[in-house]
Each structure stands twice: as structure tokens, then as C-alpha cells.
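What follows is subunit A paired twice: with subunit B in the first complex and subunit C in the second.
Moving on to the complex of A and B:
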């Protein structure tokens, strides 16, 4: 079940005097198995694009194909949202129920599923985000740490059994360990999902986990790349982003003649490259 | 007299709960910049709230410019200590950006020309002057945060506390805002406490205070970031250059011990 977007354009406030395209002629394809990153500076249209995918924003012009949903007609939003789950920025701010189990089960309950099925889904999704059901299910979500709350929020989306998971800056605001834990979690979910789409400003995470990156700027798609292609030169810097920290360091070492090329993505590769240049095995 | 002084401060949110801050002492001088780091839940935000009297210590004392936050002059203290929090939505009060930024100075009873000037200067500093007449609620998260920072700048505080205020900005905006903040701090001889998970940001500060479980874990200059093992053991990460230098040393390459920045590593390896 791929996601195909063709010539998608969107304007907020069409009647406004100063209208501005939030999206302009964007075409891209997310295939099964992709861990697809959407990157671009603030206001580049990443979130607007993501919100189209589960019908939070109604398409104005262009084509969106997800499974057999026809975005030109009135879509069954419930069915679409069961297929495409979105985890918003700071999703823990949307927790509301008295217990973790009720919060995670809220979506499935709205689907009017059988209570047994709801219970099974709640158990599965709490387990899938690396939390202990017995320990946590009866607790108030507000007693939990920030990282745990975020996991619970993700579990709530997983309980809808989506095939495509969209995450808007899933690690924003977390400490380094929390960031790493959430990225490992998302990565571990890949096998049970068709595709993961992640909006991110963290190029270190994009370099480490994603197989494709769409770079956006001012509502337009600059291009879709592999992380290695994208970070080979200073392209991202010209679009208001930073290179992954190890790549940035590699570029400086290359400029100083310490290493011959900066064709690396992570620290391990960089260390190996330096050792090679220094003839150390 | 230090601008901010924590004297053996202990604070718990509820009696019987593990203290969020425990026996903490440190000082911040006028014009000094301090990076406050620690994993989530280590007490950083509690410390920020103790600085301007939003929270009052259970034991010990917090003094701002010599005045205890326990005293009656808490508004005086809040004028001196401007805090920008993590989520800008909770800090926006007006429906037009320049009104939002003017809210603080208006409450100080300043003359309208002075308010105008402060608002324009503050908005210009954060690169939002072109948006002065717009609706803050329609901005992106990063833009909103810049407006919130402008709102504090317009108050001309003695010390500015950024409580993960750049967490929602994209990397270049983050860099720009921090440059603006450091420039302002140095120009106005303001002090700064920056609470951040971004090592790059913390490396700019004169001093570093590392908290773990509400207690002081490490304190010092930037050399604190050389201690990658100690940092890793409480879930923090050392700068990339430090980690790469560590890995190279582990493989037998002789790399200078004081490599902190990318440029240091380049220099060390060029030899």
C-alpha cells in the first residue's frame, strides 16, 4: 500500500488578501517498507503535507492515492484514519483519560470494536511501545515521565492498527537518551507497519534511521534523496537545515586534508575513515 | 553580590515526595552565561521556577540581586528574571504579535515611545519585525517561540532563563535565536541560564551545571563536556568531536585530551 502524491498544492485561507501557497506542486511516492523522512525549515509545508494523509486537511488540487481511497470524493475518514495514524508533535499533550489503558483504548472504542478486541489491542500496543502493561495500565498517564507519556501517546495511535504511521518530530523536547529510545522504538515498529513517515529537524536521526528523505522548502519539494545522497554536500544548509553532526565534522576534516572524502553518515564510519587515513587498523 | 544565588536549596512538589531539587548551591554572576543540563526529570525546570519565585524553596534560600524570593518583592524579582518556557502557546496573551510583545512593557507603565522602541527592537532581534501586525496563533511553533522570546527581551531583564525554549525551532532558527540571545546578553550585560538538550547550545555558555536527580552532578567550565563517560552514565551525550576523539584514542590513535569542538579535532589530526 504505497502513498502517491502528485502535483499537490494547498493554500490556507483562499480568500485572504495575502494568500500564500503552503504546498506547491508536490509530487512524491512512499513505498512499502520505507522509513521516509520529511525535512525542511519551519514553515516549509511538512506538516501541511502530513495532515493531508489522513484527511485532516482536505485536498484542494492534485492527486493523493492511498490504498483504494479516492481523495477526489468524500472519503470515509474513519476508515482512512484507521489506515494512516498520525502522532503529532508533543503527543503527550493529548493524553486525557484517567488511566493509560483507557487512553490507549479510546480510539478502538470509538471504532465500536468488541471489548475483547479492544483489550487485546491495548495490551499489544502498550507492549509494542516497550511499556509493561501490568505495571502501567491502571496508572494515570499524568503520573508518568515525559518519555513514558510519549510512548503511551504513540500506543494510542498504534491501537488503531494503522498500516502507515506518520510522526511529527517524535523526539522533540526529549533528552538524548529519550530521543534514542523513541527512535529505536519507531525503528522496531517498522516490521509491523507498511511504512513510516517522519517529520524531523534532527538530521542525525534522519541519517541513522531513514532510507529516503524528502527535502521541502517554502511549500515546494526540492527532491527525494537517500540520506547519503542528501548529506554528501552542503545542500541542506542552503535550505536552512544542518548536516548531521558527524557529517559536518567529516566535511571539516576533508577540507583540512585529514580524510580524502566525507562520504559517511554516522560517527562509526567517520572514525573508521580517520583510522584508515592514519593507517591504523 | 551574585545576581542569583542558590544557598543549599531543597524543594519538593509534595511533602513526602522525592525532592525535585536537593541541597543545591550555585551562583550566577552579572553578565555570566550558564548552561543547565540534565536528563528529563533531573530538576532543571524546577530550578528555573525557583529563580523567579514561581516556586519557593522548602529549605535554603534563593537570592536574586541580594533579595530572597521568600520576601515581598517577588514582582521586583520577576522583572529582573525573565523566563521563556518550552511551549509558546502557553505564553501568548494577545491576538496581534506586537501587542503580545508590548504586554510586559505596558505593565511596567513605560512611556508609549519607549514601549514602541522596545517592541520593535525585540521583534527585530528575533527576526519577526515583518510579522508585527499578524496573529500569533497562526504562526508556526518556531515563530511563536521567537515572539515569546521577544516578549521577555522587551522587559530588559537582568537575567534571562531559556527553559528549552529552542526545542521547537528548526536547527538554523535555533542557531540564529541563540546568536541573538548571546549577542543581547553580552551587549546589555545580561546574565543567561539556558536549559537545553542541545550540546551545541550549551557549549556557548561560560559555565555548565549538570543536574542529576535534583542534585549537582558536575559544575565547571566547558571542560565538563570532555567527560563523556560521566555524561553518558546519566543519559547525556558529549559533543561529536569529543566522542570521535574518544573512539580514536580507544583504537590507539594519539589525540590531544582537550578536543572539544570540531575545529579542535581538525587541528589535533592535522599534526
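Moving on to the complex of A and C:
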């Protein structure tokens, strides 16, 4: 089940005097098994694109193909939203129920599943986000720590058993350990999902976890790359983003003549490069 | 959601827009009083002419202003029904008759007057909000209520609270948008026909919204505290209200209109005998 987007354009306020394309002629394809990153500076249209995927925004022009959903016709939104789960930025702000279990069960309940199935899904997804069901299920979501709240919110989306999971800046506002935990969590979810699409401003995370990156700028798609291709030169810096820290350090080391080429992605590769250079000298 | 403009300010530049908010407020209040002095069709004719001139001078499209009458449609219908049912005036000429229902000429006249009064009562404040920003309005109100400070009512704090509320409302709308999208992604059903279900569907929006409002209010209070905010009393303004040459002109024009209205009511210039034109009264 792949996601295909062709020539997608979107304007929020069609009546406005200064029409501004939030999306302009975007075409991309997300395949099964992808951990797909969407990057681009603020206002580049990432969230707008993401909201198209589960029908929160109705398509204006272009083609969207997800599974057998025909976005040109009236689609069964419930079925689509069960298939494509979106975790929004700061998802903890959507918690509302009396207990964690009820909140996580909100999605499955809306899908009109039977209570047994709902209960099973709630248990599974609370477990899947690394929380202890017995300890946490009966608590109020508002008693939890920030990191726990975010996990509960993610569990609330997972409980709908989506095949594609879209995450809008899942690590925003967390401390370094919290960021790492969430990324490990998302990465561990990959096996049970067909594809993960992640919006991120953190290129270290993109370099470490994703296999494809779509770079966006002012509503346009600059291109879809592998992280290695994208971070090879200073492309991302021209679009207002930073290189991953290891890559940026490698560029400095290369300029200083310590290493010969900066063709690396992660820290381990950089270390290997440095060692290699030392041995040769 | 974003279309919900705050108030209904119509952005353009005109003499009405740049008239001082205090003057416009005063005129609006006096206008409401004035409408109650109008008891004849010719009086409403005078009001209509003055009103049209004001709309013309303000450069707000007339249909936009008239659209605001939508809110009183029901009330107008109700008023119509009431005057039809409980009319106690002269029952001379029957205009229309069906079964036991008779509609008298006098009844129609009376009903028309009541409806017109209703219409003009709505149109006045509408013009005020179309041509004055909410911020100007609060500033104007604060100035007009100044005397109350003498008897110990904290006008300045009240005004500060008002303007901060106005400032926060767009953020709240954004937040509401986000929460609605998040819950929709979990298949929440907001379009149910059943009114109880619909009310219940509001809970997943209202709870997070209220929680986040309290959090934001707390943060704002902390931010003000940490910058040593001590009181609203000596607050300075970026845009000061200033009287200009337009203001006395506005006042004089309005006074002229009011005089005509009073003259029509009390007939204090006996050299023109109003009663000679019988149909007016």
C-alpha cells in the first residue's frame, strides 16, 4: 500500500486578494517499508501536505492515491483515518478523557469496534509505546509527565491500527533523552506499520532514522533524496535548515585537512573516517 | 474555522474609520437613544438617508452591512407575529382577510414601525464594529469609563484584561482548529444529526481547549510577573487615540440628525405644521 501524490496544489484562502499556494505542484511517492521524512523551513507546507493524507484537508488540484481510496470521489473518511493515523505536533494537547485507557480507546470506540476488541487494542498500544498498562491505564492523563502524555497520545493513534503513521514533529519540545526515546519508539513501530512519514526539523534524527527525505520550500517540493544524497553538500542550508551535526563537523574537519572527504552520515562513520585518515598519514 | 473574524472589522481607510473611537462610541450610544424617538415613517426615512451616507463615507460595501441583519431574522419574524396577534389599535380598514384572520391597515403600519426600529437598532452598532477595531473600541471604552475610577472601580485593569483577551482569541481559534483536527484524525464524529451526540462530541474539544487556555493564561501571568509588571494604570500605548478635525464634524453632523429626529417627534418649530402631511404620522 503506497502513497502516491501527483501535482498536488493547495490554496488555503481562495478568496484572498494575495493568493498564496500552501502547496504547489507536489509529486512524491511513499512506498511500503519507508521511513519517510518531510523537511523544510517553517511555512513550507509540510503540515498541509500531511493533512491531505487522511482527508482533513480536501484536495483541490492534483492526484492522491492511497490504497484503493479514490480522492476524486467522496471517500469513507472513517476508513481512511483508520488507515492513515496522524500524530500532530504536541499531541499531548489533545488528551481529554478521565483515564488514559478511555483516551486511548477514543479512536477505536469511534470506529464502533466491540468493547473486547477496544480493550485489547488499548492494552496493546499502551504497551507498544513503552508504558505499563496496569500502572497507567486508570490514571488521569493530566497527572502524567510531559513525555508520558506524548506517549499516551501516540498510543491513542496506534489504537486505530493504522497502516501508515504520520508524525508531525514528534520530538518537539522534549529534552534530549526524551527525544531519543521517542525516536527509538517510532523506529520500533516500523515493523508493525507499512510506512512511517515524519515531519522533522531535526536533521540528526532524519539522518539517523529515515531512508528517504522530501525537502520542501515555500509549498514546492525541492526533491526527494536519500539522507546521504541530501546531506552530501550544503543544499539544506540554502533552504534554511542545518546539516546533521556529524556531517557539519566532517565538513569542518575536511576544510582543516584532517580528513579527505566528508562523505559520511552518522557519528560512527565520521570516527571511522578520522581513524582511516590517521592511519594513512 | 479561521474565517471567524473577530468582531467584523472591515479593513479600509475612510473618514469614518479614522474618526476617533471615543467619538464613534458616544455617537453610537446616542444613536441608540435616538432610534427610540423615531415614531414615524418619515423619521425612519431620515435615519435611512443618514445611514446610507455613513455607509457610503465608510467605504464598507452596503451588502456586508445589511448581511448583519441576518441575526435578527428570527426576532423580526417573532415581532411580526406578536404585533399581528396582539394588536390593540384602530381596526378600521381591512387590508386582507382569510377565514377568521383579518389584517388591518393600522396593524401593518404599527408592525412596520417596530420592525424598522429593530433594523436600525442593529445597524448602528454594526457600523461601529465595521469601522472600529476591537482594540480601539476597548481603548475608547476605557477612556469613556474613566470617571468610574474615581469611585474605586479598576477600569485600567478591566481594559487590560479586555485587550489581552482580544489578543489571545486568534490563538485560541488556532488551537481549536488543531484540537478538532487531532480528534477528527481519531474518527471523532462532529457531524451527527443527533443533538445529544453532537453536544457530547464537544467534550473532546472543550476539555483540551480549556486545559490549554488555563496553561496559557498561567504562562502569560508568569511572563508578566517576571518582567515586573506592576499595574495597568500607567500603561502606555503604541496607538494613542487622538481627536482630529474629523471628530467635531462627526459630532455636528450627528447632532443635526438628532435635532431633525427630535423636531419630528416634538414638533418644536410650530411654523412648519407637520400634521398637514397626514400620512406621515
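Operating definition for what follows: the second predicted complex is superposed on the first by the 279 of 281 C-alpha atoms of A that agree within 3 Å, B and C clash if a C-alpha of one lies under 4 Å from a C-alpha of the other, contacts with A are read in each partner's own complex, and residues count from 1 in each chain.
Please note the rule applied: contacts are C-beta pairs under 8 Å (C-beta built on N, C-alpha and C of every residue); 3 or more make two chains touch, one makes a residue touch a chain.
The structure presented is a predicted model; accordingly, all values stated were derived computationally and were not measured.
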> Should the pairing of subunit B and subunit C on subunit A count as a clash or a fit in the superposition?
Replying inline: clash
> Between subunit B (first) and subunit C (second), which, if any, makes contact with A:256: first, second, both or neither?
Replying inline: first
> After superposition on the shared chain, which partner residues are touched by A:51: those of subunit B (first), subunit C (second), both, or neither?
Replying inline: second
>> Is A:172 touching anything from subunit B or subunit C once the two structures are fitted on A? First, second, both or neither.
In response: first
>> So in the superposed three-chain picture, is A:111 touching just subunit B, just subunit C, both, or none of them (first/second/both/neither)?
In response: second
> More residues of subunit A are touched by which chain, subunit B or subunit C?
Replying inline: B
>> So in the superposed three-chain picture, is A:160 touching just subunit B, just subunit C, both, or none of them (first/second/both/neither)?
In response: second
>> Quick one: is A:82 in contact with subunit B, with subunit C, with both, or with neither? Answer first, second, both or neither.
In response: second
> So, does A:192 touch the first partner subunit B, the second partner subunit C, both, or neither?
Replying inline: neither
>> Please report the subunit A residues shared by its interface with subunit B and its interface with subunit C.
In response: 89
> How about subunit C: which of its residues touch subunit A in the complex?
Replying inline: 2, 175, 178-179, 181-189, 203-205, 207-208, 211-212
> Which residues of subunit A touch subunit B in the complex?
Replying inline: 41-43, 89-90, 145-147, 172-179, 201, 203, 240-242, 245-246, 248-249, 252-253, 256-258, 267-268, 270-271, 274-275, 278, 280
> Which residues of subunit B touch subunit A in their complex?
Replying inline: 38-41, 86-87, 140-143, 164, 167-173, 175, 197, 235-237, 240-241, 243-244, 247-248, 251-253, 262-263, 265-266, 269-270
>> Under the stated contact criterion, what part of subunit A meets subunit C in this complex?
In response: 12, 51, 54, 56, 77-78, 81-82, 85-86, 88-89, 91, 93-97, 106-107, 110-111, 142, 156-157, 160
